[in-house]
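The structure is given below, and queries will be raised subsequently.
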Amino acid sequence: MSLLSVRDLTVKFAMRSQTVTALHQISFDLARGERLGIVGESGAGKSITGFALMKLLSAPGYIDSGTIQFDGTDITQAPEAQMRQIRGNRIAMVFQDPMVTLNPVLTIGQQMVETLRAHRKLSRRDAQEIALTKLREVQIAAPELRLKQYPHELSGGMRQRIIIAMALLLDPDLIIADEPTTALDVTIQADIMELLLKLCQANKVGLILITHDLGVVSQLTERTLVMYAGRIVEAGKTREIINDPQHPYTQGLINALPQQTLPGQMLKQIPGAMPVLTDIPPGCPFSPRCAFALAECRRLLPQIMQQGSSEVACHEVNRLHSDLLLEEGR
Amino acid sequence: MSNLLITPPPSRWARFWASPLGDSLRGNPVALVALLVFSVIVVLALLAPVIAPFDPYDPTQIDIMNSDLPPFWIPGAEPQFVLGSDDQGRDMWSAILYGTRLSLMIGLAAVALQATLGIAIGLAAGYLGGRVDSLLMRLADIQLSFSTLMLAIVVLAVTHAMWGAAVFDRYAVVAVIAVIGLAEWPQYARTLRATVLAERQKEYVDSARVLGFGPLRIMLRHILPNAMSPIFVISTVQVGNAIIAEASLSFLGLGLPASQPSLGALIASGFDYIFAGSWWITALPGGVLVVLVLVINLLGDWLRDALNPRLYKV
Amino acid sequence: MIAYLVKRLVQGIAVMLVISALGFAIQSHLGDPLRDLVGQSLGQDAQQQLRQDLGLDDPYWAQYVRFLGRVMQGDLGTSLFFDEPALQVILKKLPATLELVFAATVIIVLLSVPLGVYTAIRPHAILSRVIMGLSVLGISTPVFLTAILMISVFSVGYGWLPAFGRGDAVPVWGYWETNFASLDGLSHILLPSVALAAIMLPMFIRLIRAEMLEVLQSDYVKYARAKGLHPLRIYYVHALKNTLMPVITLGGVQIGTMVAYTILTETVFQWPGMGFMFLEAVNRADTPLIVAYLIVVGLIFVLTNTLVDLIYALVNPTVKLARMGA
């Protein structure tokens, strides 16, 4: 049985004049210890998915329908007290910008100890011991000193290491990391990613990595979801998606990677921009930016379907596959 | 023929009503009521000489025989004195109308002075920069930490002692406006300075400079309009504060004299008679003062939410 | 730390020099020291002789230096009305004012924090709307009107509480008599302290609420939620501690305003403190007492501002006292 099973998750935002849908019937599974990447441009609904899994959507956002089964509990139905026991304890989060994630007026030690003591009956001293072990695990120099320091006394890379250490404090089943290196210096991004991968493997912790960077996903994750305008447009094994992207959007994302560009060439960005939630085009939401779009694409929303080893939501891909099947049958 | 059927251009009010500001006013009944009450008070105050049955400044119209009459709903009232009379026989309704007019006038004049001074200093600090800027902003800090009311009390107390009561009373209006007006410039200055610093970078300022416009013209024609919404919000709140400050000074006897009463001076003159049971001499002008400042503050809150300018909190 | 204290000391001395210069200017322009000393009865020549003896014909700066020297020794002149050293008159009145300010501050601190936090975390609750409505009303009501209203309701109307004076203040030490040691004393200080608190409280509630609303949107509060912390810990440790810094700054800025409101409150309640004394001194043209009041208030002002800065540095770990001194 999978650790996490999301079915038809729909998230809406109640604005003053209208209600907009930010997530449309998202479904996916995550096995114990599995590492999943969620990819897409900003506004695709990746972060909203992450916060919805923690039931931490801030107003006016809310879960409209669907279920999130986490180890036998439906998170969408769980009362707040039960959610508090899950948050930080069974599911930990790593936020995007380590400069603003830690509370500026509390020491690192206070912030680590309070997390432990919120979930386990521990003396302050024992909690500090655990904190020290975890700080050593993330390879921080002089961990005893760090406990007494305030966030502003530490560099961004060091803070993100501390946040990863905090995520591991209670040996969770799952870590949700939302763009964990975007705010960091390029030179330390790879270090942090490598650390995250190593720790997840060593501790058998599941990982949901939310990022716009397919390159990072290819290094860290086993499976990948590609999201566009609040929908999953492609899902499958990371290797398959990188090597043989089906959806035109996924192809566009891969072509836009710097590795795909020859020196001196312009980056091949996907033309246009993600539609805003209040103004989603009819039919396939990607159709206005899609080079393969047909009349059908602008009219009819494609359903996500199994195509070979991946699931894809695209009329064009469907057509190609059925042609292929026809040819094979002939 | 068809020309005659063209609808007239929308009035100023209609245009305001259709603007985003008007839209937010429609969705905010509290602000709408506040605006209505404020307008009524302003109109009544402006028309004081026309609608007031007595002239409270004219000693010949005051008869001690009419003193301490209660307002109309209390037995013993005289129909001539709708809201009763004070200890000297002055008609309360007339005194309140004139007092409101005076309080409003002082509040507006003091804020006009504050704004002029603060805008000039802010523009200068932002444009000149460097040592002038840091000196002016340091001054603003110091000015802010001495409260306006404290400064006004000290200055007026010393003036009072220096001139004596008789001379002081003659110049009280000017002195109060000057003190409140001179003391509150820092908020405007800081906001304007921030606007100048933000706008200086922008292209249109450069192009205006290239076109050969002088700094004064660039400041007044190009940068100042960008600071209008914070100026508007600050001014609204400041009018309320100035009216309270004036009332407090008058209550202490450091503001307007009893012969030329503002709302604060009316309250002060009635305070001595509270124990004798003539509560209305204090309560009626006090109520008007609170309502006036309250609606101004409510309008200020609404403007701040609607225009949402960048303001300095402290 | 030491560098910081030295810098504050220099600043404080500078402010005190300005205030004393102001005091000197007032004294030398307002009061006629000769009349203060001997009355009008002296002849022209004798007056001239006395002027020279007293150094009144010396240049201003020399007189100012002498004035400063006297001030440093605690000689702030003699009150014309009380015929006592001005400093002594003030020191007798000081405890009453300090107790009033203390009581009001306790009320403000005890109420502003929970009310501000509550209105921030339950912005749409009916109680929050009532609190916010009352606080706009509070800001719009001058302190003397609140005071008058309370007197007319609780003293004149119901006769529950005394309207003026300090009542039975119990002697403690020196000039210090306290209102907190007897029921009569407490009943006398209740209305004035509530009136004084009522004008400052709404400002603090509104500021705490606004800051708290901002902090609650911050990433570190979201992160604290994601760690599974109890909401009370999130509100009162994570959010409130960050909210306190601007509140402390406001507190520092409001010290001067507090002094002004004290004058108004003391006047309405005829509270025998420094503020009431100052206003009486103004009405009696008691110049030495006016000047002495300004100097003492200036000193209190400098001291409390330094204290506020120190508290700020203690609460905010990003402020290093050593760096502030640089």
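The chains carry the letters A, B and C, assigned in the order they are written, with residues numbered from 1 in each.
What we mean here is this: a residue touches a chain if its C-beta (ideal position, glycine included) is under 8 Å from a C-beta of that chain, and two chains touch if they have at least 3 such contacts.
Every value quoted in this text rests on a predicted model; they were computed, and no experiment measured them.
**Student:** What's the minimum number of touch steps needed to get from subunit A to subunit B?
**Tutor:** The fewest steps needed to get from subunit A to subunit B is 2.
**Student:** Among the chains, which one keeps its Cα centre farthest from the Cα centre of subunit C?
**Tutor:** Checked the centroid distances; the maximum from subunit C is A.
**Student:** So the centre of each chain is just the mean of its C-alpha atoms; given that, what is the distance between subunit A and subunit C in Å?
**Tutor:** 54
**Student:** Taking the mean of the CA coordinates per chain, how far is subunit B from subunit C in Å?
**Tutor:** A distance of 26 Å separates the two centres.
**Student:** Which positions in subunit B touch two or more other chains at once?
**Tutor:** none
**Student:** What positions in subunit A touch 2 or more of the other chains?
**Tutor:** none
**Student:** Spell out the residues on subunit A that touch subunit C in their complex, using ranges where they run on.
**Tutor:** Residue positions touching the partner: 54, 56, 58, 83-89, 92-93, 95, 97, 100-107, 114-115, 118-119, 150, 152, 166.
**Student:** Of all residues in subunit C, which touch subunit B in the complex?
**Tutor:** 26, 29-30, 136-137, 139-145, 148-149, 151-152, 156, 163, 207, 210, 246, 249-250, 252-257, 259-261, 263-264, 267-268, 278-279, 282-283, 285, 287, 290, 294, 301, 305
**Student:** So in the complex, which bits of subunit B are touching subunit C?
**Tutor:** For this pair, the touching residues of subunit B are 144-151, 153-154, 157-158, 160-162, 240, 244, 247-248, 251-254, 264, 267, 271, 274-275, 279, 282-283, 286, 289-290, 293-294, 296-298, 301, 313-314.
**Student:** Please name which positions on subunit C make contact with subunit A in the complex.
**Tutor:** 217-220, 222-230, 233, 237-238, 241-242, 315-318
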